[in-house]
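The data blocks that follow each hold one structure.
The two complexes that follow have subunit A in common; it is paired with subunit B in the first and with subunit C in the second.
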Partner chain A sequence: MPETGALFLTNQSMTAPGELLGLALNAGAILPEGIILLAMLGTLLVDLAGQKAAAKWAPPICYIGLGTSLCLLALQWNGPLEPSFLGAFLADNLAVAFRAVIALSTLISLLISWRYAEQSGSPVGEYAAILLAATLGAMLLCGSTDLISVFVSLETLSVASYLLAGYMKRDARSSEAALKYLLVGSAAAAVFLYGASLLYGISGSTNLQEIGVALLTSPTPLAALALVFVLSTVAFKIAAVPFHQWTPDVYEGSPTPVVAFLSVGSKAAGFALAVRLLVGCFGAFDNQWKLLFTVLAVLSMTLGNVVALAQTSMKRMLAYSSIGQAGFVMIGLVCGTEDGYAAMVLYMAAYLFMNLGAFACIILFTIRTGSDRISDYAGLYQKDPLITLGLSLCLLSLGGIPPMLGFFGKIYLFFAGWADQQYLLVVVGLVTSVISIYYYISVIKMMVVKEPHEASEVVKAYPSIQWKTIGMQPLRAALVTCVLVTAVGGILSSPLFQWANSAVAGTPLLQEAIALTGERALG
Partner chain B sequence: MTIAASTELICFLILGAVVVLGSIGVVLLTNIVYSAFLLGGVFMAVAGLYLLLNASFVAAAQVLVYVGAVNVLILFAIMLVNKKEELKPIKGLQLRKILSGAICLGLLSLLIRVDFTTPWNLPGPKAIGEDATERIGEHLFTDYLLPFELASVLLLMAMIGAIVLARRDVLIQDLDTEKAIDLPIIENGKEPLLIDKTSP
Partner chain C sequence: MDANLPAMAASQAPFPWLSLIVLLPAIGALLMPLLPEVEESNALNLPRNIAIAFLLADFLLMLTIFGRLFDTQAVGLQLVERVSWIPFIGLEWSLGVDGLSGPLVLLSGLITLLSAAASWNLESKTRLYFALLLVQASAQALVFLSQDFLLFFLSWELELVPVYLLIAIWGGKRRLYAATKFILYTALASLLILISGLALALSGNDFTLNLSELTNRSPSGSFGLLCYLGFLIGFGVKLPIFPLHTWLPDAHGEANAPVSMLLAGILLKMGGYALLRFNVQMLPDAHLQMAPALIVIGIVNIIYGALNAFAQDNVKRRIACSSVSHMGFVLLGIGAIDALGISGAMLQMISHGLIAAAMFFVTGSFYERTKTLSIPNMGGLAKVLPTTFAFFLTSSLASLALPGMSGFVSEITVFLGITSQEGFTPVFRAITIILAAIGLVLTPIYLLSMCRRVFFGPRIPALAMVEEMNPRELTIGLSLLLPTLIIGFWPRVAIDFYEASTNGLAEKLISHTLVTLNQATPLS
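On to the complex of A and B.
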C-alpha cells in the first residue's frame, strides 16, 4: 500500500523557503541548561589560572550554576506547555522532574568528589567541566522530542561519561573501563542510529509525536524492527540485563564519584529517554514493548540481585545492585498506569538519595583507608560511627526496610504493579528484594557485629578522623543530607508522593498513554 | 529504458558492488593497512551513491569528513602504532567466529525479509538538488537549532577530554596538605579485588 504511505510524508522537508524563520523559538525552556553551560565555561576559565585557582574557584561556580538551574527548574513546574525549538524540546512536568533529579545527582556527586579527585592527583577543573557537560546532555535528553536532538544529547552524555570513566589515568583499570565503555557505547549508538533511520524512513519525520501518529496509522513489520533497535539502546543506557555486561567493569574501574553519577544521573536520563521513545512514539506497539520490558525487568532483578551476593568489592556489589534496582523501576514503566509512572518518578528520586548516600560513605572510607573491599569494613563501628550509621541506613533503604524512604518507593511500585495485574513482575520483585536484603545486611553485619579483635587490619590502622582538609566539609554535608533524607524522608514522604503524582498529571504525553490503556482495558 | 535511466542503473550497480565487496574486504583482510584503504574506497562509493540520489551537499560532506578526516586519522594511527605483537591465541575462536557469523546472517535475512514486506513511501520526497545546501542551513537555524548548538558543546567537551587524557602530567603533590599524593586509592587498585585475601 504505497499510496497510503505517501500521505504520511509530513511537510517538514517540503516547507517553503523562509517559512520556518518566522516561528517563535521559546528558548526560555532550556534556561536551566544554559546556566549549566555557563558554569561549565566558568570552570574551564578558572582552570586556565592554574591548579590552585581551579581547586579554589571551581566548586563555588559549580554550586551556583547547579543551584540556579534547580531554582529555574522549580519555576518551570506546571508552566505553559509550548514546544520550544519548533518541536525539538518540551519542558513538561516529567522532563522537569527528571532534569531536577539529574541536576541534584550532579550536585551531590560533585560535593563528594573534590577530596577524592585531589587525593588521586587528578586535575579538578576539567573534571568538573566534563561532569557538567554530561549533566547538560542528560538534562536535554529528558526533554528532547526529536530524534536528532535525542541522538546529539545522548552522545553528549555518553562521550562525557567515557571521558569521566577514564579520568584516573594512573590506574590501569580506569583506562580499561573507559575503553570498554567507549566500544560498547559506540555500538549501542550505532544501533540507535540505524533504528532512528528506519523510523525516519517509515514516517518521513524526525519528530517523535509525528512518528507516533505515523506508526499508529500504518504499523509495519519494519517498525517492530526499529522498536527492537531503539529499545536495545535504552536498555544499554539503563543497564538492563542482557545489555549490562559493561556495568560491573566500568563501575569497578571508574573513579567512585563518577560511578555515583553514572548510577543515578545517567540512569535517570535513560528512563526519561525510555518514556519519551516508548510511550510517546511506540504507542502502536504497546503490547510488544511491554512484553520485552517485562523480560528485561525480570532478568535484571534476578541476575542483578543474585550476582551481587557473590561480590567482595563494594563498588562491584553496588554495580550489580544498581542493575537490580533498575529492574524494580522498570515495573512502573511496564504498568503504564498513573500510579505506575508516579511510582517510577518517586523511586528514581528516592534512589538518588539512598544510592548517593551509600556512595558518599564508601568514598569517605576509601579516602581514609584506600580500600574498597567489603571484608575491610569489619568492626568499623568502633572507629567511625558516622560511616557505619550512614552506610547502614542507606543500605537498609536500598533493601527496602520499612521506615526508610526506599521502602515507600518500593511498596508504591509493587502496589502499582499488583493493581495492573503484573503478578509475575511483583512476585519476582518481592523475592529478589529479600535476596537483596541479605547482601545489604551482610555488609552491615560486617561493620557492626564484629568484636574489636575481629576488626580488619585496615580498620585497626584507621587514621584519626579530621574534617579540616579541603573538600572534606562538602563531603560531610552531602553525606549527612543524603542520609537524613533517606532516614526521615520515609516518614515525611507525602510531599514526595504528591510531587510524583503531579509530575505525571502535568505531562500530556503520559495522560494520553494512560487514557489509551484505560480504553483498551475497557474495550 | 532511457539512456539516463540505464546509466544510473549501471552506476548504482558498480557503486553497490564496490560498497559490498569493499566492506567484506575491510572485515576479512588480516593486513590492517589494506583494510584502512579499502574503507576509504567504501566511503568514496557511498559518496557516489549520495550523488546518484541528487544529494550533492551530503556527498561533499561525506568525502570531506570520512575520507578526508576519519580515514586519514585511521592511517596515521596505524603508522604510529607500528608494533608487531604476538597475541595469545584465544580459546574457541573458531566456534565464536561461526556463532557471530550465524547471528549476522540471521540479522541480514531478517532485514531482507522486512525490506520486502514493508510498504515503502515510493518514490519518496523529491530531491531538491542544488537548493539542498540552502535548505540544510535553514533547518540548522530553525527546527534543528538545539541539536546544532548542542553539537558545539559536545565537540568542545570531547576536545578538552582528549587533551586531558593524552596529557602526561598528573599532580604529584596534594594541593591542600602539600604532601606527596598518597596513593592508596590507586595502589590498592592494582591488585585484583575479586580474590579475597583476608578470608581464611
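On to the complex of A and C.
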C-alpha cells in the first residue's frame, strides 16, 4: 500500500500503461449486458421503421435479448472470479444473482407493458429501448467495483428512469413525477459524487477494494463524512425513510409498468450497490453504517407500513408498502452474517415475483377500468375471480402469510436477525408486518367481501372477461407466472434457499465481511 | 395397500398416514376453483357435496388410523414422519401424534365435517366458502399434528386468512368489524409465539426447531419464564384468557353458525392444546412457577365470562361468553399440575368442543327459520319447534355440566385435580373451589333463563309458522350430542385415548418439582 501522503503520485504511476498491460480485460464478464445493449439497439432500429414494425418486432427482440442474457448469467454462476476492466467490474455470485433479478424484473415489466403502452398510445419501441437502458445501468451497477463504473452505471440507470417516469407525455402527473424524480435524483447523484471525491482524496484510488483497505488502515473523520454521503445515495435508491419522499409521488404519476420496474429492478440495484459500497468499502466503519442502517430500517418499516394504511390509491399504497418492504430487506444487510445476506438475496427474489404479480393484476384492472382507486376494486370477485385470486395471493405473500413465498422469505430474515441479536429490528419487523397484513387484507376485503350490489361503478361496468385476447397474452403469461411462483414457490422454496446461500458463498467480498464480523463477535 | 407396505417398511418409511389426514382436505380445496359456481338454489350443489365427501373421507381416515394404528398405552409420539423441507431455516415436515393431539384431531375432523354439513343451504360464493373450509380443515389438523415449531407456526398462521374471510363474507351485520378484530388480535399474538419459539430454538448450542428436541432443552430461570409468558399471551388470545378475550364474542357472534361451530369447537382448543404442548411440556419449570397465576386467571375467566353472558341479548354472543367461562376450567386444569387436573383440562376441551358446536348449530338452525338472534324478539318457540327446543335444552344442560353429560365429568375432574394437589395451601384450594363453584352456579342461571325467554313466554306471532328441524339437522345435532352423552356416562372412552400422555406430562412436572426441591434443600 502506498503511503497516504504520496497518494496522488503513486496512483498516477499505478495506472501507468505498463502495468495495465499485465491485467486481462476479461470483457466476457459483461457479455449479458452486451446482449442487452444489442437488444436495445435492435429495438431502436425497428423503431425507426415506424410504429407498426416496432410494435411487431420490439417484443421478440427484447425477449430474445433478456432471455439470452439470463442464460449467460446462468453460465457465469460459480464461474472463475477474475476482475474485468482493470478491476472495475466483478462477476461474483452476488452480482450474478442481482443481475438475474434485474433482468427478470425487466422481462416481466416488459410483458406487462405492451398492452398498457398500446392503450396509452405511446410508441412501444422507444419505451422498450429506454427500459433496456435502465436495465443495462442497473445490471452494470450490481457488479461495479470501482467508483467510476459505479457512478456511470448509476447515472445510466437514473437518467433512463427519469425518462421512463415521464413517459406518458400527455399526462401532467407523469411529467410532474419525472421532474420530481430528476431533481431529487440529481441531488442524490451530486451528493454521491461529493462522497466519492472524498473517498478518492483519502485513499488515492477509485477501486472499492483499495479504498476499503485504505480506510481500514487509517480511518479518518473525513471518511465518516464520505460514508454519510454515500449512504444517503444508497438510501435514496432503495427509498429508505427519510430519503423516500420521491417514491409515492413518482410511483403514483409514472406509468404503472415503470413503477413495477422501479420498485423491483431499481431497488435490487440499490441493494447491490449497498453491499458493494458499505460491506466492500466501509468495512472499517462497520458499526457506524450498521447503526445508521438500523435506524433507516426501523424508520422505513414503521413509516412505510403505517402510512400505507391511509392510502386510497392502489399505486400509492404499493409505493409505501415497497418502502416498508425495503426496510425488511435491510434487516438482512445489517445482520452481516451468512444467513443475513442470503436472506436478503432470497427476499429480493421473492419480492420480485410477489410485487410484479401484484402490479400485473393492478395493470390488468387499470386497463379494463381506467381506475386505480382501492375503493373501485369493490366486488371484483364476482366479475373476475382470477385477478382477484392472483392479487389476493400476491398481497398475502407481501404480508407474509403462509404458505406463500413471502412468508418464507420474511421468516428467513427474522431468523437471521434474531440469530444475530438484532432484536429491535426483528420486533419492529414483526409488528409492522401485522400492520401490513391489515392494509393488504383490506384490499382483499374490498374485492371479495363486497356483495354485488355494493360493487363500485367501474366494477359494475367491468367488461366480461376475455382471456383469449391476443394482445393480452404476454400480460396474462406474466401474471400467471408471478402468481404461480408466489403461491407454489413457498412450498417448493428449498432450491431458492440453496440458490441464495450459494450466492453468498460464491462472493469473496461477503465471505470476508462475514469472517470479519465473526472475529469481532468472538473477540 | 398391504402389498405396498413391505416395500415401504424395507425403506424405513411407513405410509405417511398423518400427511394424508392433513393433505386430503387441501386437495379438495384445490379442486374448488375448477367447479362451476352454483347459480340456482335447486341445482346440484357440487362444491358442497365434494367438500363434504372430502371431509367425510378425512374423518373416516382419522377414525381408522386412531382405531388401528394408534397405541393408546404409549406415552411418546407415534406415527412420526420427518422429512426435511427447507434445511436452511430448519423447517421440517415433521408430524406425529400422541394422546394430547390425537383426540383433538379427531374432534376437529368431526366438527369440520358437521360444519360443512350445517352449511347445506348456503347460497352465495359456495366455491370460495367450501374451499376456505377445506383449507381450514387442513390447517387445523396440521396445528395439532406438527412436531416442528416452524411448521406449527405456519399452520397457526395459515388458519388466519380462511377464518377472516369466513367471518367477513358470510357473517352478520358487524362482520367486518369482528373479522378485523379477530385477525389483528391473532396476528399480534402470533408475533409473541414466533419470538418465544425463535428464542427457544436459538437458546441451545445448536439450532433446532423440532418440538421433542426443544422439549429436552427445558430452559429454566428468567429466560424460561419470558418464553413462557410469550407463549401464554400468544396462545391466551386463542384460548381465550381473560383480558385478551374481547375478540371472541364479536367473532363468534357475527360469524354464521357453521363458522361459529368451527371457532368454538376447534379454534379455542388450539389455544388449550398449544398451552399444554408448549407451556407445560416444554417449559415445566416456568409452568410450576406460574401455575397459581394460571389458576387465578382461570377463576377470573369463569366468573367474568359468566357475568358477561348475563348482559348479552344475542343468543350467540351469550353462548360465546359462556365459552370464555368454560375455557377457564381448562386453565384451572392446566394450572393444577397433576395428572387429574391435566386430564380434566383435556376432557373439558373435548367436551366443550362438542357442546359449544352443538349449541351454535342449534342456534343456527333456528336462526335460519326465525332470522333473529335477539333474545327479546323471541318467545314461545317451544310449541312451534319442539325438537329444536329439545336439542337446545339438552345442549344447554350439557353445557351447565349436568351429571351424565361430558361437561360434568370434565369439570369434576378439574375440581378433584385441584383439591388433590398438595402443592397448594389448603386455603388457596378452598378459595379456588368456592369461586369456581360460583361460576358453576351462574352457568345454569344464564343458560336456562335464555332457554326460558326464547322457548317459553308469549308467542311472537311472526314466528308462528316456522318449520321444524329436518332429518339432516337432526343427524348433525345427534352426532354432536351422542358423544357428549357417551362420554358423560362412560368417560373411559375418551380418557383412555389420552391418559397415557397426560400422565406422562404430569409425571414430568412432578419430577421437576422434586428436582427443584432437591436443589433447594442442600442450600437451605
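Please note the rule applied: the second predicted complex is superposed on the first by the 496 of 523 C-alpha atoms of A that agree within 3 Å, B and C clash if a C-alpha of one lies under 4 Å from a C-alpha of the other, contacts with A are read in each partner's own complex, and residues count from 1 in each chain.
As a convention for this text, a residue touches a chain if its C-beta (ideal position, glycine included) is under 8 Å from a C-beta of that chain, and two chains touch if they have at least 3 such contacts.
The structure presented is a predicted model; accordingly, all values stated were derived computationally and were not measured.
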Clash-or-fit label for the pair subunit B, subunit C on subunit A: fit
Partner chain(s) touched by A:156 [first = subunit B, second = subunit C, both, neither]: first
Touched subunit A residues, subunit B compared with subunit C: B
Subunit B versus subunit C as contact partner of A:401, first or second or both or neither: second
Partner chain in contact with A:119 - subunit B first, subunit C second, else both or neither: first
First (subunit B), second (subunit C), both or neither touched by A:173: first
First (subunit B), second (subunit C), both or neither touched by A:419: second
Which superposed partner A:312 touches (first subunit B, second subunit C, both, neither): first
First (subunit B), second (subunit C), both or neither touched by A:437: second
Minimal inter-chain CA distance - subunit C and subunit B, angstrom: 16
Subunit B and subunit C footprints on subunit A, overlapping residues: none
Complex interface listing, subunit A residues touching subunit B: 1-2, 4-6, 8-9, 12-14, 17-18, 20-21, 23, 25, 30, 37, 40, 44, 51-52, 55, 84-89, 116, 118-123, 126, 129-130, 133, 136-137, 140, 144, 146, 148-149, 151-153, 155-156, 159-160, 162-163, 166-174, 178, 201-202, 204, 218, 220-222, 225, 252, 312-313, 316, 366-367, 369-373, 375-376, 456-457, 469-471
In the complex, subunit B residues that touch subunit A: 110-111, 114-115, 117-122, 124-125, 131, 134-135, 138-139, 141-147, 150-151, 153-154, 156-158, 160-161, 164-165, 170-172, 174-177, 181-190, 193-194, 196, 198-199
Residue numbers on subunit A that touch subunit C, as the complex places them: 339, 342, 381, 385, 389, 396, 401-403, 407-408, 411-412, 414-415, 418-419, 426-427, 430-431, 434, 437-438, 441, 444-445, 448-449, 451, 493-494, 497-498, 501
Contact set on subunit C toward subunit A in their complex: 33, 85-89, 124-125, 128, 150, 154-155, 157-158, 160-161, 164-165, 168-169, 176, 179-180, 183-184, 187-188, 191, 194-195, 198-199, 202, 207
